[in-house]
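The structure's right below; bear with me while I get my questions together.
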Amino acid sequence: MCAVHAPSGNEKDMCDFVLNYVQKNKKSWKHQPKVFYGKEFQDCIVLVFGKPRTAVFTHLDSIGFMVRYGKGLVKIGGPKTIDGIKLVGEDSKGKIETSLRVTEDKKKGIKKLEYHFNRDIETGTELTFKPNWRETKTSVQCCYMDNRLGVWAALNLAENLKNGVIVFSCFEEVGGGTVSFIQKFLQEKYKISQALIADITWCTEGVKPGKGVAISVRDSLIPRRSFLEKIISIAKNSKIPFQLEVEDSGGSDAKELQRAEYPWDWCFIGAPEENVHTPDEKVNKKDIDSMIQLYEVLMDKL
Amino acid sequence: MCAVHAPSGNEKDMCDFVLNYVQKNKKSWKHQPKVFYGKEFQDCIVLVFGKPRTAVFTHLDSIGFMVRYGKGLVKIGGPKTIDGIKLVGEDSKGKIETSLRVTEDKKKGIKKLEYHFNRDIETGTELTFKPNWRETKTSVQCCYMDNRLGVWAALNLAENLKNGVIVFSCFEEVGGGTVSFIQKFLQEKYKISQALIADITWCTEGVKPGKGVAISVRDSLIPRRSFLEKIISIAKNSKIPFQLEVEDSGGSDAKELQRAEYPWDWCFIGAPEENVHTPDEKVNKKDIDSMIQLYEVLMDKL
Amino acid sequence: MCAVHAPSGNEKDMCDFVLNYVQKNKKSWKHQPKVFYGKEFQDCIVLVFGKPRTAVFTHLDSIGFMVRYGKGLVKIGGPKTIDGIKLVGEDSKGKIETSLRVTEDKKKGIKKLEYHFNRDIETGTELTFKPNWRETKTSVQCCYMDNRLGVWAALNLAENLKNGVIVFSCFEEVGGGTVSFIQKFLQEKYKISQALIADITWCTEGVKPGKGVAISVRDSLIPRRSFLEKIISIAKNSKIPFQLEVEDSGGSDAKELQRAEYPWDWCFIGAPEENVHTPDEKVNKKDIDSMIQLYEVLMDKL
C-alpha cells in the first residue's frame, strides 16, 4: 500500500486501491457498510455502518515533490528535505527513479531543491518517496506510514464495526479540501456530530514509541475539552495503553471540522512515529495494536 | 467574572456563569429574549430579542497556557510571555498556583516556557492568569478584560435591547470554531446579515485610552467599506466619543463571518486596552461607557 | 478601467463600472445572460448564460494602501513597497495625489511606510496606484492589470458565451470573502461543480511573456489532478499556445472553492505579467489573446 502513488491532489490510485480492497473483502466483515464514492465524493470514500454516531477520518494522500522548471522541485506538503533521498514518478517519457539534491545558501537562508536525473523531467510531474519496507518483531518502517497506517487501521476497524462511519479523505497534507463536503453529507444524512481523526503523529520527549496510541490534547488546534475528557475516561476504563500528546504545532483533517458550519466535536487519536515525513517513518507495532483497540472501544462507547 | 477559568476549548464554566446571570436577571430586562444554548450550541449562548436585524458577537474564552511534558508549557492563543507572571489551574492532585518561567536562547531565537512548582503538573492541564482586580475612578485593570469586558458590555446592552441578537462565542483566541454554525443558525432562522464584534482592542499611537470606543477600519481583516461608513455616520450623529482604528494585524470573530457562505457585513467595535494579553489589561471607564452607548444606538439605527 | 478606485473592501465603483458596461453592451452579445447583483451579492456580479456547467471567477478588487495615523500607511493586500511610487485617493478634504516613502530599519528588519503630502490625510483613507497606461504593438502596461485584465477578458468572453457563468468577485487580494456565498448560490441554483480562475499570474524562469496563457499546475494550492489533466488535454488539442506553471506560493479565489462544503473542481488559468503588484504591471498581448481563446474553448468543452 505504501508504494501507491498518491500525492495530495492525485489520490485516484489510492482511492481505487482502497475501493478495490473494500469490494473484495467486505463479504467477510461482520456488518455490511453502505459504500459512497464517485463524482460527488471526488477521490474520497465513505463507509457507513449501521446507525452511526461517530465518524473516523483517515487521509489517503501523501507528501511528495513536484517538478518545477529545469531541474527544480517544489514540495507537496511538508516532506523533510534530506539530500540524497530516493524519489520515484512517471512522466510521458517513462518511469523515473531519481534522487533529491539539496543545496543551501546559508547567507540568504534559502534551500534549493533539485533532482538528479539523466534527462529533464516534465514540468508538473509528481515525485514521491521510493518505498523501502522494513519490518521487525516490534516495528514497521517505510515512507508514508503517515497515513497508510491510518488507512490500514481503519480497514481493520471495518471488519467488526457495527455502527459508525469511516471516511477516506484527500488533500490533508496541503491543508484540506474534502472533509468539509463530506461533513456536510454526514451531517445532513446521518445527523452525526462526533469525529475521530485516525492519523499518525510524532514521537517526542513526551510521546514514546511502544507506550501506546497517542490521544492528542491539542496541536495547533484545540478540541473541545468536554469531548476530550470523555475519550480519556473511556480510554482509562478500557485499560488499553495510551499517551497524552500536547503540541503547539501540526494540524489535521480536524481543521475543516472545527471551522465548519456544524457544531461537531473531534479528537485526534493515532500511533506516533519516528522520522516524521521522511522515507523512514517507523511505528511500533504495539502502538498500532492499541490504536485499533481504542478505536473499537470508542466507536462502541461514544 | 475575570476569575472564571475558561481558556479556549474549555469555556464551560464561563458559559454556565453567563447563563446563570441571564436566567437570574432577565426578568428585570425591558424585553425578554429567547435563550438558545445546549448541545446544538456547544458552550455558546445566543440571546434573541424581538425582530433582530443585527447580531453582536462577544467571545467567552481567554488565552492561557497548557502543560506539555515535565515542566514545559505551550501557549493557548497569544499570551505575552513575561517571566514571573502568576498562573492558576487545577489537576487531579489539586489546585495549582504557580508562575511562568521564561528562558531565552538568543542564538537560536527560541523562548522556552516552563512553570515553577513543587511537583509536576499533569500533562494537558490548563493554566490561566491569576486575577488581580484593580479599580480606580477612571479605569479597571485585571487579566482578561479581553474579553470579559465585552461580555459585560453585552450583558449591559441586553437590559434595554428591543431588537437584536447577542452571541457569546467560544474558541476566538485560537482562530475560531463556533461563529460559523451560529451564523448559519441566525441566517436560516432570522435572515440576519449584519454583525458587530464586541471585543477589546489595543491602545496604540493612534488610539488612546479615554478618547472613546474604537471603531476598527481594519485589522488583518477589512470590513466592507459601505457598512463601515454607515456605522461611522451613525456614530458621528450620536455625538458619542469614538476613535478610528487602522491596524494591519490582529483578528477577531469576524474572520469566520467574512469567509462564510453568507453575504454578511460586519465591523469590530470595542474599547481599547493597555498591556494587551497580560495579567494587567487596563481599560478606561469612559471608553467602556462609550462602547455601551454606541452599541445601543447602532442596534437601534442599523 | 485601471483608473477605477476599488481596493479590497471598497469595490463599489468597480462593481458599478462593470454593471454599467454589461447593461450597455449585452444587447450586442450572442446570448443574453441573467444578471445577478445587489444586496444578496454585496459588490459582486454574476452573469449566467444558458445551461451552465462551468463558472469563471474574476476579481474586481485591487491592492493598495490605507492611511493609519499621522503620515503612516499600511498595505491592502501585497503591493510592492517601492520608494517614490505615486498614489492617489480622496478624503473629506478633497482629492489626493501623493507618493510612497519607504524607510528601512535594517537592524530590526522593519520597513516603515509613509506618504509625502502637504497635509495629514484622514485615518482610514485608501490610496491606490496612480494609473499610467502604456501600450505598444506587443504589450499593455499599467497598474492593476491584475485583475482588470481578467475582468476585461471575462467581458470579452461574454460576447459569445452560450453556456456558462461569469463571476465578478471581491476581496480576493486580502484572502477572500465573497466566493463562498456565490459558490453556494451557483451550487444550489445551477448544480455547477467546475470553476476556472481568470486572474493574472507571474512571469518567472519557466513562464515567459509571449509564450501563451499560463495553466497553473499549482501555487500554494493544488487543483485536483484529473481536472487539470482534462484541461491540459483540451488545451493541447486546441493548438492555442499555453504554458504550465508550477509555483509553491501565491493564491487565488480558488482557496475558498477548495475549502468549501461542495466538491468543486477548479483550475487557475491566466496570462502572466511582469512587475507584479507594482504600478508597472506589463502583459504581452499574445498572452491575452490566448487567454481569451482558451477560455472560449474550455467553456465549450468542459
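Letters A, B and C mark the chains as written, and numbering starts fresh at 1 in each.
One rule holds in what follows: a contact is a pair of C-beta atoms (placed from the backbone, for glycine too) under 8 Å apart; a residue touches a chain by one contact, two chains touch by 3 or more.
Since the model is a prediction, treat every value here as computed from it, not as a measurement.
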item: Partition of the remaining chains by touching, absent chain B; value: one piece
item: Angle of rotation relating chain B to chain C [CA atoms, steps of 5 degrees]; value: 120
item: Homomeric contact chain A-chain B: same or different residue positions, threshold half; value: different
item: Distance from chain B to chain A - Cα centre to Cα centre, in angstrom; value: 35
item: Junction residues of chain A, two or more chains touched; value: 260-261
item: Sites on chain A touched by chain B in the complex; value: 204-206, 217-218, 221-226, 244, 246-248, 258-263, 265
item: Residues of chain A defined as touching chain C within the complex; value: 8-10, 12, 39-43, 66-70, 74-76, 123-124, 171, 174-178, 180-181, 183-184, 256, 260-261
